[in-house]
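Report on the following structure.
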Amino acid sequence: MVSSNVARRIRLLGLDVDGVLTDNSIVIGLVEGVRVEFKRFDIQDGLGLGLLRGSSIDVVWVSGRESAATMLRASELRIREVLQVPAIGKLEAVEALLARRGLGWEHMAFVGDDLADAEVLQRVGLPIAVANAVEEIKRLAAFVTTRPGGHGAVREVVEALLKARGEWERAIAPYTGSPVA
Amino acid sequence: MVSSNVARRIRLLGLDVDGVLTDNSIVIGLVEGVRVEFKRFDIQDGLGLGLLRGSSIDVVWVSGRESAATMLRASELRIREVLQVPAIGKLEAVEALLARRGLGWEHMAFVGDDLADAEVLQRVGLPIAVANAVEEIKRLAAFVTTRPGGHGAVREVVEALLKARGEWERAIAPYTGSPVA
Amino acid sequence: MVSSNVARRIRLLGLDVDGVLTDNSIVIGLVEGVRVEFKRFDIQDGLGLGLLRGSSIDVVWVSGRESAATMLRASELRIREVLQVPAIGKLEAVEALLARRGLGWEHMAFVGDDLADAEVLQRVGLPIAVANAVEEIKRLAAFVTTRPGGHGAVREVVEALLKARGEWERAIAPYTGSPVA
Amino acid sequence: MVSSNVARRIRLLGLDVDGVLTDNSIVIGLVEGVRVEFKRFDIQDGLGLGLLRGSSIDVVWVSGRESAATMLRASELRIREVLQVPAIGKLEAVEALLARRGLGWEHMAFVGDDLADAEVLQRVGLPIAVANAVEEIKRLAAFVTTRPGGHGAVREVVEALLKARGEWERAIAPYTGSPVA
């Protein structure tokens, strides 16, 4: 459960990419002599991120790897900011981002799965780990999802956040015609 | 279980694509500078949809995303109509389809997994959710499959429908030589 | 368990492809305007089929779909004969194959997962179903694997066959240096 | 558990590729008339191998198949040596490698899943099998991972090794800022 007090303060949801928006796999091959990398994203996560668009929470992706696949998916989900930084460098990147936006650590939720997310998770107001996170990361989290990355973990986070803020029914109303009882 | 009375009325089976005919994944990468999207379909689902060809039930796919992969698979399974509409827009698209074919909502079964399917499921004669559907969708369904999307959920729906109509043995006879006892 | 008497008679192992050598998925996309289909094969199955090369059992793949991916994998595993026939047409194809090779149905084992394999399984000396086979197929099988297709089912069949024939230790000796106790 | 005495002696970690760094799948298709092979690697394994870079353990990959995908992934993880040899030929290749580096068998740990790894595992100081290894290989192992290949098995091996050597906290310190309690 995410506490209402904490959730209502959140203005920015930061998502690690590999292991959070994906199942931690990269699929690699050589096509006509050029390295091609595929990533597997989850459609239910995509709809979930769409539900945030009507809220006051913005979304940023923070990856420790550069990947064209990540940029393609971010673009189709209209994620306006994607930070692709060295694995040991997320803290500085997020700090600069918060400063640029005039936000404090307490305004941010972050979802991670691996050591590269540790420093950010130690500081944000709402640290979240996916079900498949390593132990060091789970220990830092206020909330651990039941679903693994790439299989609905992000959807679960969005739902938990919006419900804790009392905004869930309004968010899904466009899909259900009227609020679902 | 699907009731015989309801099943015998069905003339059209509508299928959402992502999460129903697939496992909700999209696999994305950049090949020679161009975005390429792969989808994972299930072969047992394909044979199942073939079994419907001898029946009086037609099949239509209704997707909230445009995807070349969807069109390729629909074409090889000889699905004559594929609606690729905005996620919030399935209701209108299906309504127009039924009008065009002179059918009522009671003649339609629909299989969905996510919020974009909610309005259609609230109206069709036989609303079905896959095992991996979100809770809001399962609550609307008269029948929830035991198998997840992309792993035989559609095959299970076809079998349930044809058995409820007493048409299963005849449908599989071409494969078994004589009806299997 | 496979009986020694039945196993010793086998001269030909027939394998359905989708759902037996793969997990029943096809992964489809459009690359530069051309349909591309990927299949997922299992490496442990490949080594298993290699173990048969020193035995008197030949291997044939019998698929109800045409697929370049199937031909590529068959070629690298040195499978000399691949039948790609219509789904309702395996019986005739296998019958002709047996005649061509001067073999009877009792000399053949066949591994299948779906209705298209039913007629062949009703006739072969050793009918085998994978763990993920549909019920109609499992009912026809003398042996059902514990591992699903694409995840070692074929390796399991090879091991069961060679053990029932008392040929396992000799088959794996090249890998272990000396027979493993 | 890995014993501290054995772990402290290790100077070289050898990894089979298929089934250890991957889930044993190969994904094959034809793109513009050319065979393309994709492999699925795990990102948490990648970070794990990075943790070894500050230690005195070097890493070598030893595959029984040639694959461009393997070379691509090895290169981005800065694995300096990759042996792609015939499946029955790993023993000779590893023997030559140890001689070249002036190391003995007791200095090597090796992780395998299938028969092609048997001879090497019978000789190395620390033989390790992944959760999805065949029985013959598990029997040879001093340590069997709980996670399967391609889903964190290599990360688990790295963690077990570094913890047994008392080097874990120092290895992860760059990610955590200070040692995690």
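Which chain is which? They are A, B, C and D, in the order written, and residues in each are numbered from 1.
We adopt the following convention: contacts are C-beta pairs under 8 Å (C-beta built on N, C-alpha and C of every residue); 3 or more make two chains touch, one makes a residue touch a chain.
Quick caveat, the model's predicted, so the values are computed rather than measured.
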Chain hops separating chain D from chain B, counting only touching neighbours: 2
Label of the chain whose CA centroid is most distant from the centroid of chain A: C
Centroid distance [mean C-alpha coordinates] between chain C and chain A, Å: 43
Separation of chain C from chain D, taking each centre as the mean of its C-alpha atoms, in whole Å: 30
Shared interface positions of chain C, touching two or more other chains: 27, 31-32, 38
Touch-based graph of the chains, sorted into line, ring, star, complete or other: ring
Contact pairs between chains, per stated definition: A-B, A-D, B-C, C-D
Chain A-touching residues of chain D, taken from the complex the two chains share: 27, 31-32, 34, 36-44, 47, 50, 68-69, 72-73, 150-152, 155, 172, 174-177, 180
Complex interface listing, chain B residues touching chain A: 18-19, 24-32, 35, 38, 65, 87-88, 91, 113-116, 118-119, 122, 134, 136, 139
